[in-house]
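Okay, got some structures for you below.
Each of the next two complexes has chain A plus one more chain, namely chain B in the first and chain C in the second.
So, the complex of A and B:
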């Protein structure tokens, strides 16, 4: 059963987001790696295969969009979930219509993110049947 | 200014007030751990609240013709420290004490009191476990020490050379320690310390309490502690403890942990010395077999050092974690010597008599007490604990220290496939309810119906109840988790659950039916699941793996902010200190503004003079209360003509509900009344017939009611909202006054308290004042409670006269409850 586990990468420059998401997603049966720096996350995407990427859009000193573009280039199959502040939600939705599975606004509760991730996982499993 | 304009402002003010209250409730909910947020969210939220408050205060000044200018400096006074908290600059400010007793120190400032003192104060005050009393000399006093001895530059120079590698740990340590020991404790600190010492003749344990200690980084054993210190030596010893902040070991540890550049600060904890006959350590997990469900207790005769420092032979007991903590395994060591407190000061080694050497040094009962306390500590701190304890000559066991138990890598690898393990357990409830406080709890279900059951509630059980009634608060610290069928994550009980870190799920519709008393269950709020049985893998995962969100900087910050935002301390608008100056929190300001705005409308004669266009209705009712109604929109059937309105034409949901109660048969007593009561009634009639005198005015909308009623000498205020969305709903009820002496009036206040508590109101009484609040119930539940309030208004008119002694209270509670055979109030007696 373990080999069927989907792998998730979480990138957010706020350590609290990573710390809280990891156990919440592990409990749903995913393998979770977390990063607070985009270049380290990008290295991980290059060296390992992820099924789902969860990333913040606005991070200090880096561009979430660029990370996404790069990650998608390396791994076009990956489903991306974007975390964003309320203020940037609309712009985010507009510019990411393609290639992003869904958006989630900060602050969010565990139930919300778990739901979105489950939907992404269902889509992945469906496509691999 | 024209009436419609003021009217619009008043409506806008009410709306902003409601929004602000919801933002506060929302922040409180965020502190329950179900939401993921970052610092930026807190900054934004605070700015938003501040902007809204400013708008509200401006609005009030507009309505009152600028008669509340004092509120502007009040806003500054309340928001300045909040903003300082956001910048992280408050903890060492002048506002913070140099010395604070364990029972008075702020629990949310470990950077001020150090990890050890903060933890022990929590254990003493929140968990009520025995911790020797004492005081802490704070990190602010440490800064004072550096300041008044001009040590800052000296330390900085040495530490710079040290971090650059030009000085070794040992050299740097010697130079700094010499400087510290050669300095003097500044007079202002010495003075407050001596004041703390006056109260006691005992000797002291003087212990390091560095920030970080006991938290994420363990400085365990790196800093010095001194036992059995006489009061006369305390200040000298204090310096030695400060100096140990820069011991070679501490410096080397800081280097390893990459804390070169970080400022160190030391608080020092002074506690009454426990002259222990036996002392030891508890590990809430057996490190040798982490997967087993046991804890381990170590014990040896004498002072604790023998166990902590591993110096002598020690008894070891393996005890089951589950009640009743059966003893699984005993290893009794042969103990030849012990360390005990010397007669005057210090410690000495002594021999143990031959017949005592090979006996266990602690009784079975004491082992079980220790096991149960240890698990209470683990449940609260959410991590396996290492607990130092001691037993004195009277047999009393004391908790000396508790901190996170460092686990071997093998333990950290436990439960890697927690999801698969959980799938093996039957799910009783899933995806229901709102998280009031996040976490995992396991135990037997205990359903509470009346507050007589409170005493029976077993330690570590899961509280299952229909409502989040505030009278349940005393058992929260003993509960492993709370599940309620109704209730709000912003209510009083939810606040208490967060205070005591008890996982709580509210609004789980069928909780009381599905979760039967005695059933063992496991609650996981992260997935909002209730499993049948004990999900061992999940509990272990949580203890070992998951983040203790309560300890993260973001949550600590939110809690500190909330302390200046959420509490309501302005309770009595009639009190002389109901002023802007007395406002202590954002909530207080909102309360004050709301009261003042409504008062402005209530001053009817003046109001009508000011605004001739305002339409005031008169209610036609069987009950002789000349109620005037001001409709802000949707409160009265638009088809009604003239000035008078019948009850059936009321569209305001809360007013209708209340009036159903007032007019209910038998409430407005028509029985023959005694002379006293007749007098009361006559005064009542007088008030109600004279036009606009008194305060019989309802301000309404379709879903809102603000009602002031003066009946004889009784003064009632009800502020209520009945929206389809329960999150907007509240009832605020205030009752005061009466024609009789204060003792009878207080008696009546206690009666009201008992009845309202039975309907899950949060009730505060002060003399003859009763203030009751309830939040976030659905419309139909609000309707029921407003009807009850209506009945109470009629009912209490008679009480001053008829309540002759305290013994009459239960009978009246019964009489009232008899009218509501289905209410829980019928079963709830006592306070």
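So, the complex of A and C:
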């Protein structure tokens, strides 16, 4: 495995979303871990280092907004991309206040999220030069 | 989400733009505003810039109206990103030009030439749009400028979902008709967004034939009802005989958005003659969302 391979965590309570995203992002050369429960995903953030987090907002238990807040506390450098099926102006604004890299409403095609992830990866690589 | 708004110079296009603005304000979608100057295109030749054509002024106005939607709020489409880009000047000649791009989300305004419906479909494919939004005349005509069947052709042939806005009316509910078991995740999510943005409930209509409903379709109806309930969207379910469906739809309130799932196994597709979608879309009084 390449030392430069960026690591992505995907969190969405709908397994079909994880199933679609994982191969699409691995195809671009990223290492991808997927989770459908936010508490398990947060444990993974605590025990491992991720470069990019892609998270849904509306989930049972800990919602995406709280998850990204906690994840940013643990790993302030991580770039977070929010994906949501229930977009509102408030959630979009709150996401950006919390310093997310991008906000994407569902449905989205894989090309769209691949582009956003590539931009986030470029930013990370630039900051590490 | 990527939204393609296709507009002409008519008032219904301005109504449809309002809906696009509302959608974009909530979803921060990538948006393309496009117009089509109809007529034959001579391929392989430069298309002269139509200085005198009113459409490019109209499109400029649509851009301004779209951006005004934020009224001083932070806009993801605000132009903050100045940079030099190489742009074509004419065939074989490029120029490095200073351009200003949106900081977060793209707002493109495009003008195409040719057959309106085919150019809209072409743009949606090239841009990989998730949703096409266009307006049309209300009532039973459902037309575009010059009496063309642009809306019908787009809803019949598009690969993605299409929202047809008929007039400037608030949406007070969503009426979704299910006649097949295959429902794409994208279409479920499109309904989620519509119900959230408009703050409305959902009524699911299951279509039966001669009093019976296919087991897998019935199971899917229950699953979809549960899916939305789990996501705090108020949902009611009822069954309607397919032969009565057209009459039922015609009686519904004009502020209800009609959502139709289209697919290869559609019962409606088998029951009604070809191009039934175009006819339903024409006959329904309010806006229609055709999902794929």
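Heads up, the rule we're going with is that the second predicted complex is superposed on the first by the 115 of 129 C-alpha atoms of A that agree within 3 Å, B and C clash if a C-alpha of one lies under 4 Å from a C-alpha of the other, contacts with A are read in each partner's own complex, and residues count from 1 in each chain.
The definition used in the following text is that a residue touches a chain if its C-beta (ideal position, glycine included) is under 8 Å from a C-beta of that chain, and two chains touch if they have at least 3 such contacts.
Just so it is clear, the model here is predicted, and its values are computed rather than measured.
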Legend entry - Fit-or-clash call for chain B and chain C when the two complexes are aligned on chain A: clash
Legend entry - First, second, both or neither for A:127, with chain B first and chain C second: neither
Inset, instruction - Would you sort A:47 into first (chain B), second (chain C), both or neither based on which partner it touches? - result: neither
Inset, instruction - Examine A:29 and indicate which partner it touches, taking first as chain B and second as chain C; both and neither are also allowed. - result: first
Inset, instruction - Considering only touches as defined above, state whether A:114 meets chain B (first), chain C (second), both or neither. - result: first
Inset, instruction - Answer with first, second, both or neither: which of chain B and chain C does A:103 touch in the superposed model? - result: second
Legend entry - Which superposed partner A:19 touches (first chain B, second chain C, both, neither): first
Legend entry - Of the stretches 380-388, 560-568, 614-622 or 668-676 belonging to chain B, the one that collides with chain C: 560-568
Legend entry - chain A positions touched by chain B in one structure and by chain C in the second: 14, 16-17, 85, 106-109, 111
Inset, instruction - Could you please specify the touching residues of chain B with respect to chain A in the complex? - result: 30, 34-41, 417-420, 422, 431, 435, 438, 524, 526-528, 538, 541-542, 545-547, 549, 552-554
Legend entry - Residues on chain C engaged by chain A in the complex (per definition of touch): 1-2, 25-30, 74, 76, 104, 128, 130, 185-187, 189-190, 192-193, 196-197, 231
Legend entry - Residues of chain A touching chain C in the complex: 14, 16-17, 58, 85-89, 92-93, 96, 102-109, 111-112
Legend entry - Of all residues in chain A, those that touch chain B in their complex: 1-2, 14, 16-17, 19-24, 26-30, 85, 106-111, 113-114
